[in-house]
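Shared chain: subunit A. Partners: subunit B in the first complex, subunit C in the second.
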Partner chain A sequence: MLQLLFFNITNGLIIGAFYALMALGLSLILNLSGVINFAHGGFLVIGGYLAYTLTPFLGFWGALVVAPPLTAIIGFVVERLLIRRLYGRDPLYSLLLTFGLAFIIEDGTRQIWGAQGLPVSIPAALSSPLSNDLFFITGYRMFMVAIVAVAIAVLFVLFRYTRIGVRIRAGTLDLETVAALGVNVGALRSLNFAVGIFLAGLAGVLAGGQLGLEPTMGDGLLMPSFIAIIVGGVGSLTGTLIGGLLIGVASGLTAVFFPSASEAIIYVMMAIVLLVRPRGLLGEEGMLT
Partner chain B sequence: MIKKHAGFGSLSRRNLVKAGVAVGLSQLAAPFVISARGDTPIKIGFDNPLTGTYAAPGKNELIGCQLAVDQLNAKNGILGRKVELLIEDSTSGDAGTAVQKARKLIERDNVDFLVGNVNSALAQAMAQVSNEKGVLHIVPGGHTDPITGMDCKWNVFRVCNTTRMEANAVSSLLFKTYGKRWHFITPDYAFGHTLFQGCEADLKKLGGTVTGNELTPLGITDFSAYLIKARAANPDVLVVLVQGNDMVNCLKQISQFGIEKQIHVAGTQQELESVEAMPPEARVGVWMFEWYWKQAAGTPGLDQFIAEIRKRADGKVPTARTWFGYVTIHAYAMACENAKSIEAKAVAKALADMELPPEIKLQPNKVYFRAGDHQLMLSAFIGELRKKGEGDPENLFKVNSIVAGESIAPSIADTGCKMTMPS
Partner chain C sequence: MTGERQNRLILPAAIWGALVLAPYWTPLVGGYTALGTRVLVLGLGAMSVNFLLGFTGVLSFGHAAWFGLGAYACGLALKYVAASTPLGMLAGTLVGGLAGALLGALLVRRRGIYFAMVTIAFGQVFYYIAFQWNSVTGGDDGLRGFARQPIDFGLFRIDLLHNDVAFYYFVLVCFAIAVAAMAFILHSPFGRTMTAIRENERRARFLGIPVELHIWIAFTLSCFFMAFAGSLYALLNNFADPRVLHYSLSGDFVIMAVMGGMRSFWGPLLGAVIFVVLQDYISSVTVNWMSFIGILIVFIVLFFPRGVLGLLQQRSKA
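Right, the complex of A and B next:
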């Protein structure tokens, strides 16, 4: 029993790390632009399918490097053409827009790549488990966790030590003042949006290797990411990371005792957090009003 | 604002008289309309998933239906009338939408015949509507037992297997070859529940034990927690009952964790759509297909069917889903011809105990709709998955035996169906 618990906590952390990757992108966009990006799962799908198309030419590793920036470029264009027009309006507008975009992307994917799922093979070097006992820790899952760790480290450096990062953080806290100080807020938001979509694209490539590709694959990953943000607290990237890990572990542990509730548990967690501490674990007060 | 009311306001006495005359004339003209009805097409309403999780099977069923409709129209249609297919997207899981579309097809489009649904729950909801309206309805691909069991209806027929038939098809084989301790991974909705109950009943009869049943939410992406638990229970067989993308995800993770090297992996229903979405290493285990394209040479009409579908499906071979759609339309057409009518009760009577001819059944064994529960007795194709296609990239299943539907179906008394035809 103890072993089973240990296994599921470790396993939950691995899953949670992946949720966190998705959630960080969402969180970035929400914090600076106030846009609840329902199309995030769609961009994840685009990243995965782009990687699939590129793999025959570039191999798995090449696709892993090229597909996320391509996704980010698509995200950048979408922000410039559509989303930026809705800044300053009620968040409901951008929510509806991205909700519609999610459907358009899903059906577009189906038109281009077909409704049937596509198989993705991962490099042989990553495909086997570490040991017979720790069979659930495969090379690929370790690799995913490593990528998430690198992404978080890069984000940390970006926000801590670069001018753009500091501006994004400042903008999250008080956009008007940042604008008054002469920062081009429009460009800042576009760039920030692209970074968020880059993370979605990266998550898509990684998810493709783990799960295979399918036009609706983003749906199942989007809700846990939103919940990670709410549990961790809107406005705090560290909170989002912790939120992602927490719901991963919670759903892993529930699977041991009450399997059919392993999905419901994360919603229960969200409800408790919203009741007891509405701003989330590390959230700023009044971020979403 | 005033203009808006003009339409109503301008209904003068003169116009009213004109309208009255027109209505009167149309009454006179009515006999002509009726006599011209031979030329109006027979309308078939297709209400099946075209988006969401079940888009792939839903679309394949549509391709099968379209082929059958085109074949009918190229000859004599049905009873000399053209056949028209009206297509609606039921979504993959929203019963409200499926029902609304079914009502639209029946009430507004006046369809003569309703087809759907891949999702068992949606199929059940649609059956309520078709029954209330007295419209003939065939469920091509929703498997849960009650549709032709407890909830059977005079106007509802089903082409695909029941979950109980699927369980019976593989249970004794798995027990004999793999062992008696089974652990299940089951989708947590109508289809999964009845399928698990069927397997559990068979296993108990054979003298085996269930080491656990992991109920997983539909559409879950990560099965690792369930797999950890399943392996800890150390069963002889891991029985995977989830379907579609869930099946792909689950088998993919099983192979990544190397579980298939320690525990036998098997299941009941498997589909070509899912197998093709898996990487080679995940294609493991013993399964049943409800129809498979690679059969003994000389099966009448098979080569032509495959060639026709390849033309319509970007070169892909027909799957069980394509066949379901194809059989649904042809069975309806045949029954109408036999009944010499498209009236729902007459067609339902003609469908009962109707045997499918070779060029439609496309398989060995007798295939017919059982009168007692309106369930098609179709063969089960039992065998193993291939990692790589043999002879053709899509030949991913090695058929070991083709079992007649009659031999795996529970008796009508056991299905719980009490069929009553309206007077």
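Right, the complex of A and C next:
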């Protein structure tokens, strides 16, 4: 029983780390640009499939390094060409635009790489379990969590100590003042969007190694990411991180006692948060209300 | 002034004329009656979304939840309670509408993009429930084993199941009742406060309108209309599957409303005609219909955000 519990909590933390990685990217874009990026799951898929295509040439490690920035570049181009035209308009339009983009990406992926799921081979060094008792903690899972942790740590350090990071945080609070101080808000938003998509691409590469690739794999991760943001509080990156881990662990724990509700529990958590603390755990009052 | 008045009469007259005669003219242009019925049902859904979006300015991106709940409740009532079409519709409308009223109370303090996000997420709850609860809903395979029943008026009996045209007219009558109710509400003093909230929420609040309460009422009404449309959808297909609850259907409804013109009463119906017919046609000629629909959505958002009717109104003013 104890082992089962431990197994599911570990599982929940790993899933939660994924949710957090996705949700942080979404949150960045939502905070600075006011765009709900429905195509975020689509970018995750692009990242995973790019890594698949690059692996024969660069190996697993090369693909891991190259695929996320490539995804970010695609995101950057999409922002420049399409999404930036909609800033300042009703958020309905950017929501619909990314909704349409998600369709195009899903269908495009199917067209290019086929509708069948593709397996991803991971290096042998990562695929063996660490010990017999803890069979579920494979090297790859530890590796995933480590990468996610490093990525999130780097993001937080960049946001705290670099000029651009500070500008993005300031823009989240008061974009007008930031613009008045001479910051190129358009460029800032493009860069910020690309960073968000980078995180989605990274999540895609890592998820591919664990689950294999499918054109619809982003779908299952998108909703929990929304919920992570709502639970953690809109406007707070730390909140999003905590929200992601929290719903991951909650669904892991529920899987022990009542497996069929492991999906529903995160919605229950969202309902409770909205009822008790509508702005979310660390949300700022008045943000995007 | 008289010209405008004439316009106001001509447009509805033309729409009703086209709808009433649809079973006769659609085959001539390559359509079929069931497609016409589908347009009516999804059009009613799009009008219900727009009741909230276009007239109160509140964006719900999870309305498929109420549509799907209506469909499932109608199907389950027909299958397990009694084989009666009106009973199924009543069950569908009540279940979907009341669930909407309940969740709406959690949502009304949120606005704009945050409201949209919460509605998307909540909408998916029902998708997962329908997906997981195999024993009742049939899970991924969908709910089967029910069929719309003939309606008995004592003197005569209408066979809805085998006669497509009769079923079309049945749906048209239901559609007309719902649309008349919507128009009545929008023209009532309450409907005016909805528009006031859309135009300037703060001013509406200063005028003493209880904004949260009115948004909740508008949301709930819209959910009831949606669930009513959903129960018709279950009757149309004699089937319900989890996709009727999925957020991509919510997105379809919103895009229909935008495509036709959000600020006009009839716009969403026009959007539904275009969307449903295009989807039907494209998916019959190419497997890549998703890309085409996606490109269409992007195109409309970038170049025709006011929709077809919005464009026409602009023309006539210029």
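FYI, the second predicted complex is superposed on the first by the 287 of 289 C-alpha atoms of A that agree within 3 Å, B and C clash if a C-alpha of one lies under 4 Å from a C-alpha of the other, contacts with A are read in each partner's own complex, and residues count from 1 in each chain.
In this section, contacts are C-beta pairs under 8 Å (C-beta built on N, C-alpha and C of every residue); 3 or more make two chains touch, one makes a residue touch a chain.
Computed from a predicted structure; not experimentally measured.
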Subject >> subunit B versus subunit C as contact partner of A:I230, first or second or both or neither >> reply: second
**OP:** Check whether A:I15 is in contact with subunit B, with subunit C, with both or with neither, and answer first, second, both or neither.
**Re:** first
Subject >> Contacts of A:D107 with subunit B and subunit C, given as first, second, both or neither >> reply: both
**OP:** Go through the superposed model and pick first if A:G252 touches only subunit B, second if only subunit C, both, or neither.
**Re:** first
**OP:** Check whether A:L82 is in contact with subunit B, with subunit C, with both or with neither, and answer first, second, both or neither.
**Re:** second
Original post:
Looking at the overlay, does A:S260 come into contact with subunit B only (first), subunit C only (second), both, or neither?
Top reply: both
Original post:
Regarding the shared-chain residue A:L4, is it in contact with subunit B (first), subunit C (second), both, or neither?
Top reply: first
Subject >> Set of subunit A residues, in rising order, touched by both subunit B and subunit C >> reply: 106-107, 260, 263-264
Original post:
Mind pulling up the subunit B residues that touch subunit A in the complex?
Top reply: 51-53, 55-56, 58-59, 188, 214-217, 219-222, 224-229, 231-232, 245, 248-249, 252-253, 256-259, 273-274, 276-282, 314
Subject >> Interface residues, subunit A side, partner subunit B - complex >> reply: 3-4, 7-8, 11-12, 14-15, 106-107, 110, 114-122, 127-129, 132, 135-136, 138, 140, 207, 210-217, 219-221, 251-252, 255-256, 259-260, 262-264
Subject >> Contact set on subunit C toward subunit A in their complex >> reply: 53, 59, 61, 106-107, 109-114, 116-118, 120-122, 124-125, 128-129, 132-133, 248, 251, 254-255, 258, 288, 290-291, 293-298, 300-302, 305
Subject >> Sites on subunit A touched by subunit C in the complex >> reply: 30, 34, 36, 38, 82, 85-86, 89, 91-93, 95-97, 99-104, 106-108, 111, 223, 226-227, 229-230, 234, 260, 263-264, 267, 270-271, 274-275, 278, 288-289
